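Here it is, the structure, as structure tokens.
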Amino acid sequence: MTENVWILGIHMTPFGKRADKDVLDLAAEAALAALKDAGVTMRDMQVMGYGNLRGQTSGQSLQKQIGQTGIPSYNVSNACATGSTAMRAVMMSIKSGESDMGIAVGVEKLYGAGLLTGNDVGSGPETWTPKGRNGAIKNLDGYIGTSGMAGLFAQIGMAYNNSDPRANFELFARISEKSHSHSTLNPNAAYQNKMSLEQIMNDPMIAYPHTRSMCSANCDGAAAAVLVSESKLRTLSLEQQRRAVKISASVLASDPWTEAAQEFPDVSTVTRNAAIKAYELAGVGPQDMNLVELHDCFAAAELVHYDNLQLCEPGGAIDFFNSGATWRDGKTPVNVSGGLQSKGHPIAATGIANIWEVATHLRNEAGPRQIEGAKVGMAHVIGLGSSCTVHILEKSSL
Amino acid sequence: MTENVWILGIHMTPFGKRADKDVLDLAAEAALAALKDAGVTMRDMQVMGYGNLRGQTSGQSLQKQIGQTGIPSYNVSNACATGSTAMRAVMMSIKSGESDMGIAVGVEKLYGAGLLTGNDVGSGPETWTPKGRNGAIKNLDGYIGTSGMAGLFAQIGMAYNNSDPRANFELFARISEKSHSHSTLNPNAAYQNKMSLEQIMNDPMIAYPHTRSMCSANCDGAAAAVLVSESKLRTLSLEQQRRAVKISASVLASDPWTEAAQEFPDVSTVTRNAAIKAYELAGVGPQDMNLVELHDCFAAAELVHYDNLQLCEPGGAIDFFNSGATWRDGKTPVNVSGGLQSKGHPIAATGIANIWEVATHLRNEAGPRQIEGAKVGMAHVIGLGSSCTVHILEKSSL
Amino acid sequence: MPIPIVNYLALEPQPHLVAQQCTACKAKVFGRHNACPNCFALDFTEVDVPTTGVLKTFTIVHHDAKGVPVPYCAAVIDCGGMTVMGNIIGVDPDPEIITRGMEVQLKTYSLGNDAEGVEAIGFGFEPV
Amino acid sequence: MPIPIVNYLALEPQPHLVAQQCTACKAKVFGRHNACPNCFALDFTEVDVPTTGVLKTFTIVHHDAKGVPVPYCAAVIDCGGMTVMGNIIGVDPDPEIITRGMEVQLKTYSLGNDAEGVEAIGFGFEPV
């Protein structure tokens, strides 16, 4: 048997506009706070995982700011699953016996980055010149479909359950209404203002049916987690053991072959596969989840992931949402943090930040937004490409 | 006890100008050949490690070209140690029991990339504006030292052993003479032409004492390795077991704190630390090495690493080289591939390519450049930042 | 002679899309591949894709990268079992007009001429 | 008032470099840090770095990024135990003239004025 791995300390910085901080400031803020939360120092760390997609920084550059002890850094990138992939690298190091404690950090400065569309298409070429494997003579965004994220996920949502006509603008807007309501209780969310359905639907349209407030919020932020092996944890203080959070399952997966996904991103199959494996590893089922943080990068994404994560009956995501199950007072609260649309989405931080959210409830430390009695929760992230992580976390019984 | 990990198959593409291939072509060429060498297919892989610094490609994009089975990809970056870090990710997955077989791929298109200097300094600003943690008002390259690699490593070499005056232009040129002689036997090297000491010294000076032929050669290339757990290996054919190469030690390390390294890169301390740990893990010593591929990104680097890897007496690298020990007919052949200066240095491929070189000798498959009877070898890579890997490999006794 | 926007758009005899089909497992993909992503076989043959299909899903893009004319309708079309990405053209990009399940037909249009007078041809799908 | 090329170059009363020193372990670094890389303590005080030192190692850069005037001598100097990077100035960048172990002295020079007439000041080291 390899080691079980636990979260000993974890931290998420406030998300939003952090103009006075550079990328390393945010990474250091999260890392130092996670270490403090864990009751340990960099001297105890034996491995680092690090993710920062747009900042050109590495774990080594963070070490120069918070402590250079010579430990390796796995600098990873996996789109929106970058932070959770950094955590997996640390987990593997611990499970393999190479380390008994390590730290994972995800950080991004994204405030004001604008729409996450394809590249600037620029002006046309002097001469049409076929490029790449498709022999494209120009940037195809806007000419052969869209490469903008809001539009891609709009199509994914509009295709839900064989294009169920109820998967429409108003339904997706009501999902965002829930997010913007939940975030009013989250002091770390980038946007904490409640929004009415009308406000959401009347916001500028980005890619129908996604208005601006139905899209993930570009912002600055970082999150960090200190992981520990179970045998090491048992040597630590009772208080550390009590607050530690068990990682019952940690799964990273990529797209398997599906014909449709060759042309158009398939976020469902990979999520389904990861979730099935995670439930199996953890020995729990969807009905056991006291809360779920799932990757609602756009409103439409949340709907399909209810189904992909088996939170509802197959094909039943619309009824499930309409039943109120995913509101914070429902059967399976989803994105009580406010989700990516209002908590915000500093890409490489997100994969650890949603684990922080779940862990904070399991520790009964979530303040006014606490889901009472939370014992088991799930954190899901998917980045196009695709890479998907599913983590199932459990309250300490030590 | 966690699993021992072995190399089941490994491949390096020819290095050089590969204008007809894109990044994924090269990655696919290496990966498909490594799988074939291993006698397995993508169906057998349970994890992928992937490194490509300049091409914006991911393991998932490679999977779309060679096989999408849904396995996770750890897309890593660690400067020149990127390929070997990808390999470590696969190793950790196997050692942790999450997988029993996986593939690591490193690839780079770098031909014609020009000098690896700092950024283009561009024209001056309209208004001096302090930026960053040093409040720099301009790009500092050329104004406060150099950020060019040739110059950085020149200074590292010129500082060898308290600035031993024998660490001079001619000595470093003679090290390159060895590299350019060794590569004449390597059909995969980017440059296979012998160069005389005079030719090397009369080449255009890049950063004294490094002339052009004393610098690593930017080129295109890829390398891939299929790794397997020892228990899985024992279920495979005798031929597969015989050709498998044991990874006796695999160490990744970053810079520990040293005062000097805050201002100026210290490639020595991290290499020393990684080597000490690797010898300890493998239970062998420097005297046991039948061949060593070390990170000679510039001629001067090779000298200091003789010492850092303990191949010579402390402080004795100059005498060691002068004794002829590191020529292919010497006591400890170093860089019989031709090294980065003539074999070439497609950055993210290098960390696996040098492991391929050592493995190929251990398998007695290195053709005209075979080091006869090679049983144990070492592969060392360091990227500024710094990250360093040291691998010790052993011939199969299965 | 005009040049297609992508190499999987054939202009002759009538405009149509051309897929690469794995000779082993019959999986179809667009564009050059090193091996079959489904079965890892190395050989492909070219097959024509039907020029009519059913609109599976769509979006109307109102904000896009600089230089992309908006609004436009991006869609996913099922052309005889092959999933194809393309824009819906020839009608207003309006969710009242464009509906999931509608039948569409491949159409080409001019993307203009380059400095040497060569015309580029794009494609989209029009409601039948 | 002139502006220094980096914030760790103090121009008054005489030009000198200023390090951040960890109050706990006395480690010295240049530039703002979140914590001490050696002992992780959070507080730093400023200390002046001696303006003379010994040249530990150098290179003469002949090819550099576009816009950097070459050749120049980049060097590492030990200033009273603190490692400093800087160019050797005031002499030809010639390995016959510049030698490891030579004593050097901090010197400043003008980098020119910006559009608002503000002068920027660089620094290097001259053989004593």
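The letters A, B, C and D name the chains in turn, as written, and every chain counts its residues from 1.
The definition used in the following text is that a contact is a pair of C-beta atoms (placed from the backbone, for glycine too) under 8 Å apart; a residue touches a chain by one contact, two chains touch by 3 or more.
Quick caveat, the model's predicted, so the values are computed rather than measured.
J.: Once you count every C-beta pair in contact for both, which comes out on top, A-C or B-C?
T.: Answer by contact count: A-C.
J.: Indicate the whole-number Å distance between the mean C-alpha point of subunit B and the mean C-alpha point of subunit D.
T.: Spacing between the chain centres: roughly 32 Å.
J.: Report the inter-centroid distance (CA atoms only) between subunit B and subunit C in whole Å.
T.: That pair's centroid distance is 43 Å.
J.: Residues touching two or more other chains, restricted to subunit D: which are they?
T.: Only 33, 37-38 qualify.
J.: Do you know which subunit B residues sit against two or more other chains?
T.: Correct list: 24, 63-64, 67-68, 132-133, 257, 262.
J.: Identify every two-chain combination in which the chains touch.
T.: Those chain pairs which touch are A-B, A-C, A-D, B-C, B-D.
J.: Give the list of subunit B residues in touch with subunit A in this complex.
T.: Subunit B residues touching subunit A: 2, 22, 24, 48, 58-61, 63-64, 67-79, 85, 88-89, 91-93, 95-98, 132-133, 252-257, 262, 270, 273, 385-387.
J.: Note which residues of subunit A are touching subunit D in the complex, please.
T.: Per the touch definition, subunit A meets subunit D at residues 24-25, 28-29, 32, 41-43, 63-68.
J.: Once bound in the complex, which stretches of subunit C touch subunit A?
T.: Per the touch definition, subunit C meets subunit A at residues 3-8, 27-33, 37-38, 56-70, 72, 74-76, 81-87, 95, 100-101, 111-112, 114-116, 118, 120, 122-123.
J.: Within the complex, which stretch of subunit B touches subunit D?
T.: 115, 117-128, 130, 132-146, 148, 150-152, 154-156, 158-159, 163, 165, 169, 204-210, 257, 259-260, 262-264
J.: Write out the stretch or stretches of subunit C touching subunit B in their complex.
T.: Interface residues on subunit C, with respect to subunit B: 33-38, 40.
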